[in-house]
Every structure is written in structure tokens, then in C-alpha cells.
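Residue numbering begins at 1 within each chain, and the chains themselves are lettered A, B, C, D, E and F in the order written.
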Amino acid sequence: MSEVAGRLAVQKGAQSLESLAGGMGILISGVSGVKPADVVILGAGTAGSNACRVAVGMGAHVSVLDINPPRLAKLYDAMNGRVTTIMSNRANIEEELSHADLVISTVLVPGARTPRLITRGLIKRMREGSVFLDISIDQGGSSETSRPTSHHDPVYVVDGVVHYCVANMPGAVPRTSTYALTNVTLEYGLMLADKGLGEAVAESAPLRRGINTHDGRIFHEGVAQAFGLESFEW
Amino acid sequence: MSEVAGRLAVQKGAQSLESLAGGMGILISGVSGVKPADVVILGAGTAGSNACRVAVGMGAHVSVLDINPPRLAKLYDAMNGRVTTIMSNRANIEEELSHADLVISTVLVPGARTPRLITRGLIKRMREGSVFLDISIDQGGSSETSRPTSHHDPVYVVDGVVHYCVANMPGAVPRTSTYALTNVTLEYGLMLADKGLGEAVAESAPLRRGINTHDGRIFHEGVAQAFGLESFEW
Amino acid sequence: MSEVAGRLAVQKGAQSLESLAGGMGILISGVSGVKPADVVILGAGTAGSNACRVAVGMGAHVSVLDINPPRLAKLYDAMNGRVTTIMSNRANIEEELSHADLVISTVLVPGARTPRLITRGLIKRMREGSVFLDISIDQGGSSETSRPTSHHDPVYVVDGVVHYCVANMPGAVPRTSTYALTNVTLEYGLMLADKGLGEAVAESAPLRRGINTHDGRIFHEGVAQAFGLESFEW
Amino acid sequence: MSEVAGRLAVQKGAQSLESLAGGMGILISGVSGVKPADVVILGAGTAGSNACRVAVGMGAHVSVLDINPPRLAKLYDAMNGRVTTIMSNRANIEEELSHADLVISTVLVPGARTPRLITRGLIKRMREGSVFLDISIDQGGSSETSRPTSHHDPVYVVDGVVHYCVANMPGAVPRTSTYALTNVTLEYGLMLADKGLGEAVAESAPLRRGINTHDGRIFHEGVAQAFGLESFEW
Amino acid sequence: MSEVAGRLAVQKGAQSLESLAGGMGILISGVSGVKPADVVILGAGTAGSNACRVAVGMGAHVSVLDINPPRLAKLYDAMNGRVTTIMSNRANIEEELSHADLVISTVLVPGARTPRLITRGLIKRMREGSVFLDISIDQGGSSETSRPTSHHDPVYVVDGVVHYCVANMPGAVPRTSTYALTNVTLEYGLMLADKGLGEAVAESAPLRRGINTHDGRIFHEGVAQAFGLESFEW
Amino acid sequence: MSEVAGRLAVQKGAQSLESLAGGMGILISGVSGVKPADVVILGAGTAGSNACRVAVGMGAHVSVLDINPPRLAKLYDAMNGRVTTIMSNRANIEEELSHADLVISTVLVPGARTPRLITRGLIKRMREGSVFLDISIDQGGSSETSRPTSHHDPVYVVDGVVHYCVANMPGAVPRTSTYALTNVTLEYGLMLADKGLGEAVAESAPLRRGINTHDGRIFHEGVAQAFGLESFEW
């Protein structure tokens, strides 16, 4: 789903930049003689890399920030140098956000609550009519100003910045999402159907890592921590 | 404006393919393991070429049809071969439309009514939930099923095909459009201001070609023909 | 050798599409205004990736199917999105084969007989004059209709589909193949020459894995299974 | 047809480099760790540019020579710098041929006999097992050693150099060639059918330029010169 | 020579950004995690386009300004969208210069004195340690702060901005420059040698346009204007 | 620092090819109609890959040699086939050096003295005015003819070959280098500050591997071997 969310994010961000959505009324691609949008992507994981590819493909000027240098180097290579990679730290985030037209946050700690990387103060320094799109909203959101919205009423404005924080973004393209999800999960479904829960989980480490709760107990450490409860080993 | 319309068309087409808009619920980019959308672009002029570049950049599989072989060859070169170019004729249009997910029509005769290239029969043969986007709607539209819509209510469905026929599409991104328009028109505005209408038009062939009506008479041949009236030379 | 076979396969497939070879008489590259060939590659391993790169380079429209999503994502990245990646399953294989002009099968289980992925029924559904090229013929072939041919009489036709199933394809370019093979094997040859079989195999896991039979016994499990015999550990 | 011939030439050249055809047994693409073929293309017109694109796409190292600097600059741009462009003169041709694996000659004076640019001495200096492919053979050939061959017996060897000089090369891919030809000629066919010869030729300059002989007289200056006869104006 | 100057300019600009030359000590390419240089190129003609290609190739973030929209569109296409094109006007120049690390000015009116596009005030607003490189210095220079320097002492500093204004830049690479010059001039030299001045100039419009002075009279209008003298027609 | 050194090497090599530096006076990029430089890079690690990317970006014809086939295949993919990869052995090095305009050596054994891969005999066979740039000079240099130079007097000539052997090359771009270094080392600095040497080294394997000497004893095996001393485990 991260691939879908990352790619869809650019499409949704582009749309939020239109004046109908409250954005500053610019075309993400620009045209010859008129600058494209400045897109800043937080995180160079699967969602971030996929957002990067689509944003660059649309013609935007794209910067990606991450705390992991080899991951940035890998993305730089995969994009043939068509992206600016920047070490993620407070100073660089602040500088990039201050001139961004569209910020896509993909920051996420799997299974745990997303860290509140973006303060309200940072949002305030963004440009009037710029867009903040938070992919990690399903895990709590990465900005102090993020709160979940829906596909039917996707955006709201804080301090002049359009916020797009739709939970379950891939739901907008159910056909693509279903195929994408089935491609990677069918194997496990068949395993469960063939062998039953006990045997399947015993044999498959990925299945085991996927169990959040069972029979009233929490088996995922991140989930347990998020709720201040005890976690068990399968 | 053709550059803006062409690039924006892909963004709008992608959005119309979402299930919220009535489309078949696919992501134009696809993801790894799931096919991207099949985008068919009618016309390889400025609007068509710009639509092509953005659609390819987003990861779609793109075909462009035109009746002008050198123009197709030029687009093929400009896209480094990342596009399928096809001679435009009835048989090829029919074949391409039958498997397209998104059709973008950029067919236009400057100053004249757009020819009704697409019959209702052709629309009927398109896939359920596919999208037909008509850039030439400002000149009457290129399909028998086209009728103007607005940014606030952009789509309607005919025979299962989502129609996006917003008149004045570039209005969605007024900032980019204003700069783009000013870049190419400022020169003429200054000319008119400096020299007055008579002298300016006398000296500048492009200005002369741009005059549709003046002092109750039509000076543009295409416009005159469209209304069945007489046209004058300046 | 998989690199050589994969790249050469496209060259040979292109040639088989000419009418001299019995193919439908199309140019794999197409030209501007005329569609290129639809190339479908089964398997995204070394042979499949190399075939993909050359086929895309020649201008074909290329789809690659594999059962491994991360491998598809990696190929998509390496090709900068110039390939359609599709999850491999019966339904998708059937759909892709039905409109393919050239199918290149690289499916292979190292050391074991290749699974008969392609039934005669699937071949029957392919287009008249299309080409099926089976790289895995050295391991038994991946279609029910595959049988080994030679460089001097490379093709035969089944149900209207040209079959190219030359065993030891890289033999057509002995100079390139020799260098490619020497590049990766010289190290082991020197090891054997310096240390003798016993010591060399004891020290080197890759050498050990490479032993099929020795002194009348089978040491490769896949080979043993293929012949229904017992395998030994070195 | 120049597009078809140019693209097909690389495919045929690659095939002639195989040892079966008498070539030096190398893969035009090379593989990682083994050099690709050195391809030298004479002429940067339509045939040469198309050959260039396919050769680069297959992974070869490509140089193109032409006497027209702006044409070289345009090709360099169209190929994004993935080609070495070289001014065509005796010294440069000699140097490039001396290390080429495959030479594709596209030199042609429309309607006239091709100049014998390549002497037997130059062919002698080429590498053993290299390939000389002469697209201009239909107009007499551009080398002293060129003589027409057919698709059924396409090559012969002179001084160790494989010569591929098939007349009417596009005949190998009749389906693609027919579409390509029809795309650009249909318009004139319809004109002739609608208006008859006299009126059609009177109105259309391209048609007029295309007439070689009519009613016992030669109307094409190049053809007239080639036969030492008088030419007429239509 | 414009091709040579444009490409060499980036190399020289990169070098001037090193701290040895007085620049701010940055690598034009950046590295993964550290931003590349912001390069601003004034003019999208031959020199500007060539500078653009090399700067993008080195990994810089490049903007090009020009007053000619179609020229910007053409460059955008030739660069596959890897450049930001911006309409040239006072406001845009000022904005771009304020954040540039390297400015390359290629502004030139053939045969006439270059207009002083860049005021000292603009230079003052540039960043400390940034570089201004003036290709048009041979025609007087495009900044109020430009004065000719030599390859042996190429730079000087004004208001914290390193100025590189070497006259006859291509002299640094005489071998490449000689070939480049000969490629395009040999034809005219041969013409003069064969036919003598009078006949050659009479027959060849380009030769005629190239004559600045002859027999004590000025034949080039731009040169005449620059010196306030009368110009003659040949 | 290897990223900085690799990218800077091309910039410095290009500069050394100018006639001012004693080079043969060619532009590394070439221009249309004039060949670019032949750049040979020894080693496909981080420095070599980065040098490759910049050299290709500038328009040079680039070959990279390495003894590791998968590393060559990976670089070939990352460069989209825009580089010739060659197995590194004595014969291939000799052949490549004999026609190179610029050789960049990145050969390095971490912590140990660089092997003297290049003999004086090989240097002698290089072209007059060609450039040999030795990135590994900080570890002793990879040629018998290498000796450390400084940024103020960077080159010397041996047997007609310009040698660029500046120790600590990244010092030329201190700002970029400082950020690059801080990006990857800050984490360890904070660890040392927070926990003290003992605890930090105990917990962090990378820190442990980074210790060369402590308290009078050598902890890095390579360093110990280079000096013929004993090494200790932490």
C-alpha cells in the first residue's frame, strides 16, 4: 500500500494546489517559462521514493529528506540524479519547508505512533496557499496540525496552509489497491487456509510479525507500547 | 494556454479515474506488479505533446495519434521513444479507444468549430469506468457526447464513460496560467499601449492574425465560417 | 551466460518476427506512426532483466511478469519506469500472451527441470505469426510445445506460433560468451589448479554447490530429483 | 521507408556479427564486464538517426559521421548526448572504420547514384570479422565492394569483412513497412484517385517532385543525370 | 565556438566555486544528502543550451532565463524537463540571482556591444562567495562589474562575488576548439581559395554577412553602430 | 568523502586536460562534431561510481574496470547502460590506458597501502598530454609514478602524462565536504559524547571498526600489517 499511497500523494497534492481546493493556484508541472512547484518529501522509504518518482515525472522540483545517508544515495541513483537529497535534521527541514509549495510527509515508525516531527511553528513559516499532505495520518500524523479527513471532505486550512490528511488514501483507487494488496498477501492467505492459524504462524516469520492481537493479548511490541500495555511473544 | 491545458489534463484525468469521480478506481501510475493506465491522446500539437510528457512522467502507458507523420516523429524523438505514436485514422482511433482507460482529446482547428471526431458509437465501445477528457470543449468539443462543464461540477457519465469537459481548464491554476499568458502576450500589450491599435496592427502580423472582430465586422476567417458570415481583411 | 542469453534473446526474437522466419513480418521497434511489438517476458531474474533492457532499448512495448513483487519493483526502478511489471499468475499470463507479438520465457529452477508453465492451450490463444522464444530449453523448456532446436535450423511453428528454442543460445556469439564466462569462472579455475579438487572444494562454497556428479555419485539435489536418484553431500 | 531501413539495419547488423553469419561472434550489446560493439554510422539523416537510436538502445557504443554540423548537433540533442558525433571527412572516416565492429552506411543522394565513399582500401583496413552494411545499395551502394544481395542469401565476405547489402531491406518486415508507407502515401493516392494525374500533379508540389518518368520522358533531374539523358520540367 | 564556450563555462564555474579560487567552497554536483549548486543561466541560445546540458549532467540544479518563450520550450524538451525555464525580466532575474551559487551569462547581440543587463546593485544582492561568469566579455560583458581577465589570472572579486571574465575562453582547450572551428569554417576557406574574395562573397550569403571591414570601410551594421560610424552594403 | 572525491575528480581531471595545466588541450565534453574525452575509471566502488556519473553527465565516453562482476553489473544498471564496464585484468587495463585521455584511479584497500597497480611502463604507453588522476594518493597511490601534491601546485608530468595526485582532494570544497562528513559522523560523535569512549565502542560495531590506535596499541589489522606491527582486538 505504501507504493500506492506514495504515488497517489503527488496526484492529490497537485490537486490541492489548485485554487478550487484552496491552494495557491499553481500547476505542479509548471510550463516552459513558469517555474514548477517545489515539492519537499520527508522520508526516502517506499512511500517517499514512489512519491519522488511521480513528482519528478510530473516535472516538479523535488527534494527528499531522510536521516539515512545510504538510503538517500540509493534514491539519488534510482532517480538518475533528478532529485535533491538532503540530510534530515531540524535546520534542513525548516529551510526546505520555508520555500516549499507542496510538502509530503511519509514519516512512519511501523506499528507505533508517528513522531510529531512538524510543529505548528514550522507550519506557520510555510508559504500562504502551500499544501501539507500527511501520508502517516493513519498512524496519528506527523504534524501537530494533522487530523484525519475523508475523501469526501479531504482538506482544511491551518495558518494559510492547506492540509490534506485523508486516512486510508489508497481507497480512492480501489482496483489498483486491491491488486497491489493481493499480490503480496495472497501467499499468506493460502497458507492460512491450507494449514490453519497455528501451523501457518509457526512456520512463517512474516505472518508472525504481522499479528497485532490474538485471543485478548497484544503480540506486537509497537502496538503494546502505543497503548501502554504488555506485549507477548507468540 | 495549450501547455497549461495539456499538462493539467493528465492531472484531471488521473483524478477522474478515481472511484470518487465515478472512474474505474485505478491509479494512473499503476504500481510494481499492477499495470498503469492506458492513456490515449488525440493530437500531437502543443496540448497533446504536453499531456504526453506528463502522462509518461506519471508512469502511464501512452499512445498518441495524429494525422501528421513528421509531427509524430518529432514527438517520438522528444520523448526518447517513451511513447507509442500511431497514425490517426478511423480504424486506429477505434482500436485505441476500445482498450483505453483515459482518452485526452486535443483536436482543434484554430478559430473554427472543432470537428466531431468521436461519435457516440465510439464512446459506447470504451470500457466501463474509463474517462474521456475533452480539451477542445471551448471550441465546441470533439465528441458527439461532449458538453461544457465547470470546475465545480466537472464530470458526467455517458454510456458508462466519465466525461470531463470543463471549459477554461487553466482557470484551476490561475497563478501559473497568468504568468504563462503574460509571458507571451505582454509584448503585444506594450505594443498596443505604445502605438495605438491602428499602427500596432499594421506593423505586427501576429496581432493582425489575432483580431476576431472589430467595429462590427469579422476579420477572422474561421470565426466567419463558423457563423456563416462574411470575413474581412484588415 | 544468463546476461548473454537474455540480451541475445531479443535479437533472435526480433529476427523471428521477420517474415523470412515465418513471423508476422513486423519490426520490433515499430516506426513513428506504426506500433512497436508487444514483448512479454516471463521472469524478472538476470536473463529476464537483460532481455527487458534490450527490448526497451529497441523501442518495444515491454511487460515483465514475475511471482516476486520486490524483484518487480527493483526492475521497475532499474528501468526508470519504462516497463510494465505484472504479478505472474495464470490469469495475467493468459491475458498478456493473448496480445503479445513476442514472448520470451526465462523461467528456470536452477539444476532442476523447468516447470511446464505454458500449456498448448495457451500457445493456441497467441496471435498468428507471433513468436515464442524459450531460453530455458536447456533445462527442458517451459512450454508443452517446446523442443530443442539448433542455430542452423532454429525455428518451427506450432498452432501458428513461431517457436525459437535453440539450446545453448550464447554459442551464436562465442567471443562475447567466452569473455563473459571467463570473467566469472577464472577465479575457480585458478583455485582448482593451485589447490587440487579436494582442498579447493573444501574451501569454496560456490565450487561445492557447482558439483553435479563425482566418482559415480550425484551431489546436486536438483539433478538427483530430476532423475529420481539419491543425492549425496560432499 | 528510411525509418524502417535505419532501424532494421541495426537488427541485421547485430545478426551479421554472430559467428553463424561469418561475423566475429560478438553480441552487439556486450554484457557487464565485456565491451559492446563499436558501431559507426555514416550519415545523420533519417536512416542514420533511426539506426543510431536503435543501436544506442541495444547498448552499443555509437559514432555518427556527417558533413552537416547542425544536423550532428540536432542528433546529439535528440539522443541526449548518448552518441559521439564526428565531422565526416576522409581522415575521420578512416580512423573510425579502423576500429569499428559494425559500419552502417546510409549515404545517399536522392534520385542519383550514391557516391562511392568507401574504397576497397578502407574496407581492407577494417577488422577481421567486422560487418559493413550498406543501406544505400538500392541506389548503387556506397562502397567499391558493395553488390546487391537478397534476404535469402544476404551476406558475402570481402577482405575478411562481412558485407550485408540486401536490396529492399524493409521487405523483411512487410507488415510494418506497409503501414509506414501507407501512412505517408495514402494522401497522394487519394489525390490521384479524386482528381486524376494532371490536376493532382499541377496542385501538389510533392507529387510533382516524385515523378521520375512519364510518357517516355524523364522528369527527375537526378535520374536523367544518372543515365546521361535529358530531363524535362512538368 | 559558442558550444565550446558554453560547455567550458560550467567547468570553469565549478572550479571558481572551489575555495582556492575564492568561491564558497562547494561542489557543483553536491553529494547525496548535500545540495548541489544552484546554477542560473542567462540566455537559452547555443552557449546557454550547452552550458545547461553540462550543468545538469554534473548534477546541478539549473534555471535558464530567456525572453523568447518558444526557445525556452525547445530547451525544456531537449533536456527532457530536467531544467527550470523562466521568462527573463527584471523581477525574475533579480529573484534568481539572489539565491544562485553560479550565474553564467551568455547574453549577446551578435556584432554589437552586449547590453549591460546586470547592474552592480544586482551583483551586490548575490550570495557571498557565489560566482558570476560572463561569456559575453569578448563583446564588452553583460554586467556593470565585468572586465576582461586572462586564463593566467582568471578571477577577481566584487562585493563578495567571484567574477570569471576570461576573454577568449575556448583558448583553454585549443585542440577541441580548432577542430570545432575548422568543422564549420573549412568550407568557406576552400571557397575563398578556389574563387577569390570577390566571387566567393558574391555567391555566398553567409560569407557576406561575416565581413566586418574591408578596404577601410565597415560592412557590418552592428560594428558600425558600436563605433558610431557608417556601414556599407557589400 | 569518497562521494566528494569521486565527483570532484572529474572536475579536476577536466581542468588538467586544459592546455594551461599541461594537458592536451581538449574539452572533456567534446562538442557536436568533435569527440569527447575517453575517460577510464579504475574501480567501481563509491568513488568510482560517483566519478562515472559525473563524467557521463559531462558527456565523456566512460569505461569502468573492476574485478567484481556483480559490482560492474550494478553500475551498468544504475547508469542505464551509459557506461562501458570491463573486467579488470592486466590486458584490459593496458588496452584501455593506451587510448585514454583521462584515467581516474580509485583503487583502494581500506586501511592498507594501495597496491601499485599501474607500473611506469603502463604510464609510458599512455598518450602525450593525457591525464592520470590518483584518488588513492592518501593511501600511498596506485601508480609507481604517483607522489602527493597539493591544491596549490597540483600537477607534474611524467613521460608526457600529467599527474594529478592532490592529497585530501575534498579540501577544495570544504563546505560540501563538511556537510557530507557531518551527515555520516554526527551520530557517532553524539554517541561518544553521551556515553564515553568505553561504552560507545562496546555498543557500536562501526565505531569499533573505526579505531586505528588507542593507548599505544594498534587495533586495525590493515594498519598493523602496513607497519609490520601486531594488531589487537578491542
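As a convention for this text, a contact is a pair of C-beta atoms (placed from the backbone, for glycine too) under 8 Å apart; a residue touches a chain by one contact, two chains touch by 3 or more.
What you are looking at is a predicted structure, and each value in this text was computed from that prediction instead of being measured.
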If a chain touches chain A and chain B alike, it appears here: C, E
Chain copies touching (chain E, chain F) - same or different residues, decided at half shared: same
Of D-E and C-D, pair with higher C-beta contact tally: C-D
Averaged-CA centre spacing for the pair chain C and chain A, given as whole angstrom: 38
Centre-of-Cα separation between chain E and chain C, whole angstrom: 52
Between chain D and chain F, centroid-to-centroid distance (C-alpha), Å: 44
Multi-partner residues of chain D (each touching 2 or more other chains): 3, 30, 32-34, 53, 57, 59, 69, 73, 78, 80-81, 87, 179, 183
Arrangement of touching chains [line / ring / star / complete / other]: other
Interchain pairs in contact, sorted by label: A-B, A-C, A-E, A-F, B-C, B-D, B-E, C-D, C-F, D-E, D-F, E-F
Residues on chain B engaged by chain D in the complex (per definition of touch): 69, 73, 77-78, 80-81, 87
Footprint of chain E on chain F - complex, ascending: 3-4, 7-8, 11, 14-15, 17-20, 24-34, 50, 53-54, 56-59, 151-152, 172-177, 179-180, 183
Residue numbers on chain F that touch chain A, as the complex places them: 3, 53, 57, 78, 80, 179, 183-184
Chain F - residues contacting chain D, complex: 30, 32-36, 59, 61, 63, 69, 72-73, 75-76, 81-82, 84-87
